Structure formats: C-alpha cells, structure tokens
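The letters A, B and C name the chains in turn, as written, and every chain counts its residues from 1.
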Amino acid sequence: MDSERLHEQFMERIRRGEKIEATDWMPDDYRKLLLKFIQMHGVSEIMGAFPEKEWVPKAPTLRRKLGIMSKVQDEMGHGQLLLRVAEELGAPLGVTREQLITDIFTGRTKFHNVFHMASPTWADAGVIGWLVDGAAIVSQAALLDTSYAPYARVLKRICAEESFHMQHGESIILSLAEGTQAQRQMLQDALNRWWDSLIFFFGPPEISESARRMMEYRIREKTNEELRQKFLSRYVPRIRSLGLTVPDPNLHFDESTGKWVYTQPDWEKFGRMVRDNTGPKSQERIALRRQAHEGQAWVREAMTRSTAVPVGV
Amino acid sequence: MQLKEAEGLYHPYEVFVQYDHLAHHQHVGSVLAASPDIALQLARENFLRRDKAVNIWVVRKDHIHATPYDVPEFFANEFDKDYRRVDGYADNARRWKAFKQKALHIEDIVNDLEKGG
Amino acid sequence: MVMENVQAVISNPEVLTALKDLLYQLADDDLVIGHRASEWLGLAPEIEEDVAFSSISQDEVGHAVFYYNLLAELGEDVADKLAFERSPHARRNAVMLERENGDWAHTIVRHWFYDSFEDLRLQALETSAYVPLRQGAVKIRREEFYHNLHHDLWFRRLIRAGGEARHRMEAAIAQLWSDVPSLFDLGPHADMLRESGILPVTSVELQKAWRDKVAGVMRELDVQVPTQWCDASDGRRRHTDALSELLQTMGEVYFIDKAAVW
C-alpha cells in the first residue's frame, strides 16, 4: 500500500476517535511530533523535581518532610512512565533513554518555563505544589483522551497521583494562609514571583503550526488559551478567597466574552529562556542532571556487566 | 513478532488481555501450547469467549521473573503512609471552608475540560 | 520483666532514662540516614532507582517518627520539636550516618553497613521487655526487609562488576570502616538496657554478629576485610560539623518561627 493511502486511512482512524498503539502504522510526522511532545513532558517532570527538591531537606515538619519527599518521588516516577512511552515510540528511530536524557544537556529538548525559575522560600514550594501543579494538572487532564493510547494510559495513572499532589500543595499553602503575618507575606511574595510564569506556562494564545498539526492528529484537543482560561476560572477565585492579591491589576473576568482578561506576560523573554536555557536556574539544574547522568555512567555500566541475584536470598 | 517452534514440548504461556486501548494489559491465566502463535489463538477462545478485547499478549512462563510468595516481607508497608495519599489531607476541605471556598478535586478539573470550550 | 506500657516504666527513673537514651539513638539514626538518603532525590544514577531509593528514605524518616512518638509518650517533647530543636551535641545518631553523601558507592556501602547493623538491633528489640518498642520493632523489621534486599543487591553487583565500580566500592569501604564502630556505641546506659531486657543484647555481641555477616559477604566477593577496629565508646557523642550543617539546613524554615504552624 502506498504511503498516501496509509496516511489517509490513519487520518480516518483518528477522525473516528480510534486509539493508536505503538505497533500500529503511523505517519513519521505523527511519530515525531508526539515523540517531541512526550519527551518534553517527561523531561519537564524530571527537571521539575529540582525546584521542589531544594525544599525536601528543609521541610519544616516531619510530616511535611515525608509529604514533599513522596511528592517529588512521584514527579520522578512520572518522568519514568513518560520516558518509557517515548522510548517505545522512538524505538523505530533508534531513540534510547540515553538520548532522551542527554538531549537536555545539548539543548535538543526543552522543559517547561516554570522549572527554569528560582524557588527561594518554602512558600515557593507551596505555590509550585498548588498552582504550578494545578496548571500542569489542567494541561495533563486535557490530554487524557489523546489519540496515542500508550500516552493516554500513563496519563491516567499520572492524573490519579496528581490528585494527591493537589491536596499536598493546598495543605502547604493553607497553613501559610492561616498562619502569621510573615507566613502570609511569604505566600504573597511567592505568588508575585510565579504569576507571570504561570500565565506563560500554557504557551502563547496563537496556535502554532505544530499545535495545529497535533490537534489535527488529536494528540491534543484544547488550545493553549482554552487551558489557561480553565486554569484561571478554577484558581483565581481560590487565590482571592485566601486574601491574596493576584499581581495583575488588569486581571478580570469579562462577562460579555465569558473570558478572563489578563496582562500578557513577556512572551519573548520567557520563550527565549526556554529555547536557550537562560532562566535564572536553567544552567544550574541542567548541570545537576548532567552530573546525575554522566557522572554516574559508571554505575549503569557496572550494573549491566554484573550478574543477576535472585530475590529472596 | 518472532515465532520459534517449541522443541517437541508444549510450554505454558501466561496470557495478558488488554480490554480496551485505555487499559493496560491484565493477566487472566495461562494456556499450554506448542508455540506462541498457537498460544495466542488458544488464548482467544479460552479467555475471551464472552468479553471484548483489543489485544492479547502471551509470554512464555519461564520468561517471567517473579517475587516468591513465601517472602511476604517484600511487600511490607507497616506504617500508615497517608502523607502520600489524598485522604492524608482530608482536613483541607474544612480549611477551605474557613476561606469560603470548596475543596478542589481532580475530578472537577477533568469535568471542566469535558465541558468543552 | 515485661513493661506493657508507659505506666510500667515511668515509675522507674533508671530504666526510664535508659529507655529514652535508646529511643534517641534509634530515632536519630533513622532521621539522619533518611535525611541523607533524601538528598539523592532527583540525582540517583537511574530514574527508576531514584523512585525506589526515595521510598527507602521515606521509610527511614517514618521509623524516626515512630520512635520520636514513643519518646513523646514518655514525657519528652512532641516529635517535631525533638527532630528539629535539639542541639547537635544532644543528638544520639552514630557519627557514620551524619557524614556528607559521597558517590553512589559510598551511599550503598553506608546503607549496607547500617542495614546489617539495624537488622541485628531490631532482631534484639523484637524481644524487648518494653512492649510498645517490641511491637514497633517487628513492624519496622518487616519494612527493612526490602532495604536489606535492595542494598545487598547493589553492594554485591557493584563489587562483582569489577573495574571502576569495584574500585569505588573498595574505596568507600576503606573510608567508612573507621566509622562503623560508632554504630555499636549503645550509650552510657547499655548495661541497664540489657539488664532490664529493653535491649537484650550487648555491644560486643552485636559487633561479633555484624562482623561475621559482613566479613562473610566480603570474603565471598573477594574483598579484603580491614583488620583495625576502633573504640566504639563515644560514637554517638563525638559529632562532626556535617551534623551541625545538616540540622541547620533541616531547621531553616522551622526556625523562622518555631511557634508557627507550617
């Protein structure tokens, strides 16, 4: 069968809402778009562990210590699930774990803007857990019906774990909001630091060429702007109910359009930061990941050389 | 898929069924067969006479590595680790109430997105 | 003598003091090793191991919480205060556990050494005369099963791999060896602990059992067993700057406002 015909049949499957498996025929374009997307998702989980990880040793109670440890552990676990999906998807192209990870150092893959930013206080850990995770949950939940079945399956598991993350993040910020004046100020300061990054997180409002193709393939179905609007609807009232001020004087809900109006973040600045890894913490965190990976190649090499020991001896 | 003839012996194959594309493969039992292609065909009628499915895996039993049943300690989780579960944060609902808000759950977000727009 | 609960022990000041001292050893050991283990989060040599190893660090901190809660029941402060507020010189963890993390080989050797010790200590505590501790020891030892299995696998495989891995493992063994006796410092009330049946074992017995096990495995792997063995008597008292720094880091947020709810 010629590839044009195969392509047409594939698109018919997509239009009928069928799910694509790793072993199915798929256009190169679909495979590559998806691979890039899932790799960025997986890598973002792994790089996303760092800003919160900084607060693991400093968590202010034993219970918080346990909670944040297990939360960051989940992020690594999500990275693992996603990288495995990417590895199988990319196998026909010779893609391996090694490559997916080293792409971070060479800049061939990107990670979300929020994970390039500094998290200087405990309240930042709270805001990451509450709002950055909230934003991530909105965008991940929007992918649950993605056309690529292996991705959809791990997203289901990821979202189930995210429901703990939501409560964990809220628990931290509730304590700060219920707390002393200094704690509340710490929370407000963190919100001020993260707001622009949160708005940028969903990406620019215009639909890029690759986003258009991904929507055609039903890899994703919602636009950046739709997701941002959902996020604002859910979270702005909550932020305000805590007595916090959203650091955007223009932010309001326009009844006539049914949409939130917000000040545009500096798209160019954030875009450059993600593209060139020039955020305040980009290089430091990439260096950590590089050290973990390259600096410990000897461990992985040794483990493949050594013979197995059965469980239970 | 690479199919190898068994060497004069029937082998047990463990059967894993994927009931729909959003589900992972699930172990349902095993069949005895002379080769994996036969095992796949046998699995269909031995395990899927009534149910719908989209995929079957068979894996030769001796290719499966397992934990021993007589070492239950392998799964020991003796202390309540509710800090890693939603119910460990049940008081969030009450605390939000003090701020005149309801607790938010992931189902709310999923519903938002299903509503479209 | 069986001490069913707090009431049974609280009337005997000598036993109470000894029991508290032991509980501080147990709690501080697990808190410090759990904290050090958690520093690997995001940095383990494989993503899969990152997840597995984090559960081990969570277990250790969870066990520390259990012991601190026993102390709180005996009239000491609440667990958070015990974990965050005590000064470095009041800590009773073995000095080996507070050392800064080295490479992965150092971490595996330290955990394997500690697991081997902890298993013996827990085994003794499974018959402790203090029932709440005995019951906890049974539960903790069940969770430690996986730790032992995991670190044992890493220990053996990294050594068997030869080359750089074996070299690093041997270097870690050499580096950590002189700290090992610190584990066996059972504190100034060791005799009372044994007589009362709270910890029905002596340091010498523990040392012998540990050396038999560890040396056995090392010989099996053709690794030289160091011969020197230092005095254990102050291994839980002569803390290093590494512990002060660890506690300072741990308390950074807590000490912004000790009275606040976080």
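The rule is simple: a contact is a pair of C-beta atoms (placed from the backbone, for glycine too) under 8 Å apart; a residue touches a chain by one contact, two chains touch by 3 or more.
Remember, it's a predicted structure, so these values are computed and weren't measured experimentally.
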{"item": "Chain contact topology (line, ring, star, complete or other)", "value": "complete"}
{"item": "Distance-to-centre winner among chains (Cα means, whole assembly as reference)", "value": "A"}
{"item": "Chain pair with more C-beta contacts, A-B versus B-C", "value": "A-B"}
{"item": "Whole-Å gap separating chain B and chain C, where each centre is the average of the chain's CA atoms", "value": "37"}
{"item": "Whole-Å gap separating chain A and chain B, where each centre is the average of the chain's CA atoms", "value": "24"}
{"item": "In chain C, residues with contacts to at least two other chains", "value": "58, 62, 149"}
{"item": "Residues of chain B engaged with two or more neighbouring chains", "value": "71, 74, 81, 84"}
{"item": "Per-residue overlap in chain A, given as positions that touch at least 2 other chains", "value": "66, 70, 178, 311-312"}
{"item": "In the complex, chain A residues that touch chain B", "value": "18-19, 21, 63, 66-67, 70-71, 74, 137-138, 141-142, 144, 149, 152-153, 156, 159, 162-164, 166-168, 170-171, 174, 177-178, 222, 226, 230, 233-234, 237-238, 241-243, 311-312"}
{"item": "Footprint of chain A on chain C - complex, ascending", "value": "35, 38-39, 41-48, 50-51, 54-55, 57-58, 61-62, 64-65, 68, 79-80, 83-84, 103-104, 149, 152-153, 156-158, 160-165, 168, 246, 249-250, 252-254, 256-257, 260-262"}
{"item": "Complex contacts: residues of chain A adjacent to chain C", "value": "46, 49-50, 53, 55-62, 64-66, 69-70, 72-73, 76-77, 79-80, 83, 97, 122, 175-176, 178-180, 182-183, 288, 291-292, 296, 298-303, 305-307, 309, 311-312"}
{"item": "Contact set on chain B toward chain A in their complex", "value": "21-24, 55, 67-68, 70-71, 74, 81, 83-86, 88-89, 91-92, 95-96, 98-101, 103-106, 108-110, 112-113, 117"}
{"item": "Footprint of chain C on chain B - complex, ascending", "value": "71, 73-74, 76-79, 81, 84"}
